[in-house]
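Pasting the structures here.
Each of the next two complexes has chain A plus one more chain, namely chain B in the first and chain C in the second.
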Partner chain A sequence: MSSKNGTKVRLDAPPDKLRVRIRRREKTDSPQYDEVFEIPYRRNLNVISVLMDIRKNPVTADGKETTPPVWDMNCLEQVCGICTMVINGRVRQSCSALIDDLLVESGGNEIRLEPMSKFPNVRDLKVDRSPMFDHLKKVHAWVELDGYHDLGAGPHTSQSMQAERYAYSRCMTCGCCLEACPQYFEDNYIGPQAIGQVRLFNMHPTGQMDREERLDAMMDDDGIANCGNSQNCVQVCPMNIPLTRAIYETNREVTVHGLFGWLKK
Partner chain B sequence: MAGKLSTKFILRKLHQITGIVPLGIFFAVHMFTNAKAMNGPEVFNDAVADIHHLPFLLLIEIFGIFLPLAYHSVYGLFITREARNNISQYGYGRNWLYVFQRVSGIFLFVFLLFHLLHFRWGLFASIGLTGTAVAGNADQAFSIVAGDFQNLAVLAFYVFGVFATAWHLGYGIFLFAVDWGLVIGERAQKATLAICAAVAFGLFAAGTNAAFSFVRPCGLLPQVFCEQPAESVPALRSEEF
Partner chain C sequence: MSNKINIAIVGGGLAGLAAAMKIAEAGHNVDLFSVVPVKRSHSVCAQGGINGAVNTKGEGDSPWKHFDDTVYGGDFLADQEPVRRMTDMAPAIIHLFDRMGVPFSRTKEGLLDFRRFGGTLHHRTAFAGASTGQQLLYALDEQVRKYESEGSVRKFEGWEMLSLVMDDHGVCRGIVAMDLQTLELKAFEADAVIMASGGPGLIYGKSTNSQVCTGSAVSACYQQGARYANGEFIQVHPTSIPGEDKLRLMSESARGEGGRVWVPKTQGDERDPQNIPESERWYFLEDKYPAYGNLVPRDIATREIFQTCLDGYGVKGENQVYLDLSHIPAETLDRKLGAILEIYEMFIGDDPRQVPMRIFPGVHYSMGGLWVDFEQRTNIPGLFAAGECDFSIHGANRLGANSLLSCVYGGFTAAPSALEYVANVERGDSGTNGIYDAELKKQKEINDQIVHSNGSENQYKIHEEMGKLMTENVTVIRYNDRLQETDNKLLELIDRFQNISINDSNLWATQAVPHARQLWNMLQLARVITLGALNRNESRGAHFKPEFPDRNDDEWLKTTVAEYSEEAPVLSYEQVDVSHIEPRLRDYSKSSKKAD
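== the complex of A and B ==
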């Protein structure tokens, strides 16, 4: 049960105090530890405003003075992806995580905040998401231009193809799919995020020119064959991107052009 | 144009295809052969003898069963090692199926090793099981299996093994369909999964009934499903025509 589409979940009997357990780390490579904070509950809190309240007065529930917790945020409307963290064990954006929803779901007065586990942890709740940028470079996730001269109108594309590409274009590189993927860790698997972009650019009439390069990246050691079909990616994607469709469409391309490509020789 | 195929990509594709083409087909044929036990010891022993009479049997056994099985099971363990299970955090249905496929794979590694040493080579005489292998002893095949299945623990272990194999294969067919790009959309996935579950259940039911046929004529099914003993068929009397 959560607030969406205009309906709002509200706690009938909210607690006086909200307990916030935060998984912290002073700096890269130093050990992680938990700290519990208590802030007065008020209406319409979300995880970001809770963190802001803690930052104003960084004292733990036991009265110990500590450093203000560090986290990333930017757009505050679930389109930039930077405030992604693990909230009550599930990866999502902290800006759109409403406290009333979380407490109704968990039935207590405590929320648990952890940084994403599959990315290098910089400090506290802040992670380094640059591996996803490396994935985009690896799969050539852009359309090549060979100059600034006027190329004229591009080829027409059908409405249905535009709609399908639009779905993939919504990816904000937040990292939810990779965090929830049981096959994704270190360099094992490039993950659904990049495969969605392979699909986006392979469907583009001009982007198609670099299709082979993308499919080669898909057949690499960390490529698409590492997908274990747990389909967590499509469940946790905040932008509702049809990631499994992207993976299976790309599987078909890879099967035809990689596996059976030699039959054309 | 063929692209650059990486080693791991080829190993994965080989893992998927070996699971279906030699092993999946072999399992279906195996259950079908076992089901002949419904019709009594002679029929089953004849079925085993028929397999012994197959041409190129040794080559079929090595290249159609042992090598693919060894590859599929050992590489499967390597795949399982990659899993970072997170079912407690993300308890979605397909995530459970992901876990089941790996758990059943590990179980099957143990079960099939036991099964081969037990009935193929008859090496468990020391723990009270048969010392005679079924392979090469077609005339005693039924009595060897029936003897060991008198022990309910052994029978239950085999029924559970058939269940794990049937599910691993059924869901494996689904995985093959999506991993090779045959099935793409969500509705197609649901339909495929339903068909695969039906295949798994069918093989499990046939295999389980076959296992029980070694302790009770016709297994769990009523006698009408099985070949009637010749003397019980009433002789036709001409006055009825």
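== the complex of A and C ==
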């Protein structure tokens, strides 16, 4: 959000009309093209409400009837991660992207919406992020239990351990970090999201019993060694997940595991 | 063929995932359907926590007290036996989540911490920061992913269930679902089906619910013969943040810290709030309730705010009132209310330390849903339901932090119940000849009809009109003449629906076709809600009629049951199970409730 010294910079002279440039694609393999729409400006719009307006009556700025733009949305409060797209060149959630802020930042009356570029583009602004869920399978992102019957309380946990795990556990699989990572292309690298989850489960008293399996996954060709340490990921993460710390600590674990792991076999 | 049982689960929120992991643990197979990837289900939105009488604070809390609070809070409309079972199971559910790795907030000793919530005097709510729903959903998602990687759970994410497949004996034998990318329709065989498709908030247009909460799936079941119970009981939260796209929850703690609710004394005053002098502001809650002021109980606050706007005093002529914190020092606000102020800032863009927040009651939760017995069985053999989409547990009003619990309890109960049903039922091919093809054909025809419709009506406009109609007439204050009028208008909207045209010529991943189908189903369910409210001539929990201001146990201590017919829902009434505690009058007037 645009603010100066903690006070918000207001959009003082809002435009009559808001121009919305959308990067579109009809179908997975068809070419991309831009279309510009114009809607009357109102206060308190976010990108989603603008898209809803356009969807209701899809006519471009020069009066051409067209198809409604397609995008994903669900929670509308930046917690499900589904609505992620590239807005004015920056990857973020469209539900929490406010038009006034975007206009203050850009100084113009146009906003630009594009789909994320690192995932298969289904149509318009919709992408397929199922590779991220596959990564979670690969790194064994769960705690193994003996069963779901009543076995009493879980392990004692300190407040500081809880706070550290909670921070990683807020990852909403949105993919901003992968979009921004210079090393991640078409799934050649497992990426920071999965590394954060390795950290989350390797820290848990029960979860760490499967630690080796996760570290093995980290040592594969698409593993942690691909990270070039550019720190782009941590800057775009909307949940403020300490990704560089996860990478640092997992790297250390992997090194030790690599040195001594084979001795145990 | 192995003799493994195959269960289809519709919905991957807390309830659906809870059922899936139990079935997989028992060694059977699950086909799990969800409109969105299950990890993005509406359950992520829950913030406050989950209830369970673990009694770690030495307060003498017990599952029985939790049971009593829940039944009392629900104004005695809930069947008591399932509530008792749920509150008994609650501590074990919380411990299980803890073992699965949920980062619950802890005490100094490293034990689970609990906080206070509405409708109880005990610290009974376990929480993980301010995102408990997200954390609980992720824990179940992780467990189910384990079974998915082992092959016993097949996920169909991005598939929307459209209808049940019924055999000649009226038994549910599977579902028809649509791939939302290709619009391909497919019939899926199943030994039993569990509905866990969440609430119907989108019927009201804007609500605190997520966008997939249309209630469309349960409406489809209802139109195929499933009974829908207590539809008229819709919970409206007093303070939500009106947005252009949805209503976001604003915690009651803002008023707890001194927030004041007001509107301009002059209707339609166009001035910004900072320019309206003190003498021209109407602090209507303080005016009408000198003792409690802005901290009157939740239902009263909701009704007053709603009435003020209906009377034309809404800020700038709209459905909103001010919740003002700007008289409190910014430093105090940051310290005590930082997190919720950030939500307001993030979405509205105004700074509530300087500008009054604009809030309005928001449709939040449906107590009603598919009728189920004490084992989560619907009236259709082979069809089960769990979570917000079933009617059990909450009666006429839900207590905060009881929903996440009821979702998990419902899933944990529906799973063994479905397995038991399959084990004991004769699984022949009798009566299944051609039923899959027949249902598939029927659903394809509906799709074709929608795709080729070229009338003059816009489906999104019809949705908006339905939302406004329902919000104005079937929420907080209900009048019989308006309810009747609402049903007439719903019938008009249903007529107009037949004359829509979808505005998307590209059918690949289109949202127009699914939305049209959801809209039809929402209109049907809207009638159930409206007519249920029209018929119930009393006031109980969330259902309030000025013409009948009191609870009337002699006539209305009954569950409303709606069955589909083409003309109108057919309503009948059933006894409520009151086998454990005698109904008594609810009176919170002496202690205001705290809330989520």
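The rule is short, and it goes like this: the second predicted complex is superposed on the first by the 249 of 265 C-alpha atoms of A that agree within 3 Å, B and C clash if a C-alpha of one lies under 4 Å from a C-alpha of the other, contacts with A are read in each partner's own complex, and residues count from 1 in each chain.
The definition used in the following text is that a residue touches a chain if its C-beta (ideal position, glycine included) is under 8 Å from a C-beta of that chain, and two chains touch if they have at least 3 such contacts.
Source: prediction; values computed, not measured.
S.K.: Check whether A:36 is in contact with chain B, with chain C, with both or with neither, and answer first, second, both or neither.
M.R.: Touch status of A:36: no partner.
S.K.: First (chain B), second (chain C), both or neither: which does A:90 touch?
M.R.: Only chain B; A:90 stays clear of chain C.
S.K.: Which holds for A:258: it touches chain B only (first), chain C only (second), both, or neither?
M.R.: A:258: touches chain B, not chain C.
S.K.: Kindly classify A:151 by the partners it touches after superposition: chain B alone (first), chain C alone (second), both, or neither?
M.R.: second
S.K.: Applying the document's definition of touch, where does A:230 land relative to chain B and chain C: first, second, both, or neither?
M.R.: In the superposed model, A:230 contacts chain B only, not chain C.
S.K.: Just chain B (first), just chain C (second), both, or neither: which does A:188 touch?
M.R.: A:188 contacts chain B only, not chain C.
S.K.: Between chain B (first) and chain C (second), which, if any, makes contact with A:209: first, second, both or neither?
M.R.: In the superposition, A:209 touches no partner, neither chain B nor chain C.
S.K.: In this superposition, which partner touches a larger number of chain A residues, chain B or chain C?
M.R.: If we count touched residues of chain A for both partners, the winner is C.
S.K.: Which residues, counting only chain A, touch chain C once they are in their complex?
M.R.: Chain A residues touching chain C: 1, 7-8, 26-27, 42, 44-46, 48-49, 52, 55-58, 67-68, 70, 72-82, 95-96, 98, 100-101, 122-123, 126, 129-130, 133, 136-137, 141-145, 147-148, 150-159, 162, 165-166, 169-170, 172-173, 200-201, 204, 206-207.
S.K.: Enumerate the contact residues on chain A facing chain B in the complex.
M.R.: Those residues of chain A that touch chain B are 89-90, 180, 182-185, 188, 212, 215-216, 219-221, 223, 225-232, 235-236, 242, 244-245, 247-259, 261-262, 264-265.
S.K.: In their shared complex, at which residues does chain C touch chain A?
M.R.: So the residues of chain C in touch with chain A come to 21-22, 25, 36-37, 39-42, 44-45, 92, 95-96, 98-112, 128-129, 131, 134-135, 138, 142-143, 145-146, 148-149, 157, 181, 210-212, 243-246, 248, 343, 345-351, 354, 412, 458, 460-461, 503-506, 508-512.
S.K.: Which positions of chain B touch chain A when the two form their complex?
M.R.: Contact set of chain B toward chain A: 1-9, 12-13, 79, 82-86, 88-90, 92, 94-95, 97-98, 175, 178-186, 189.
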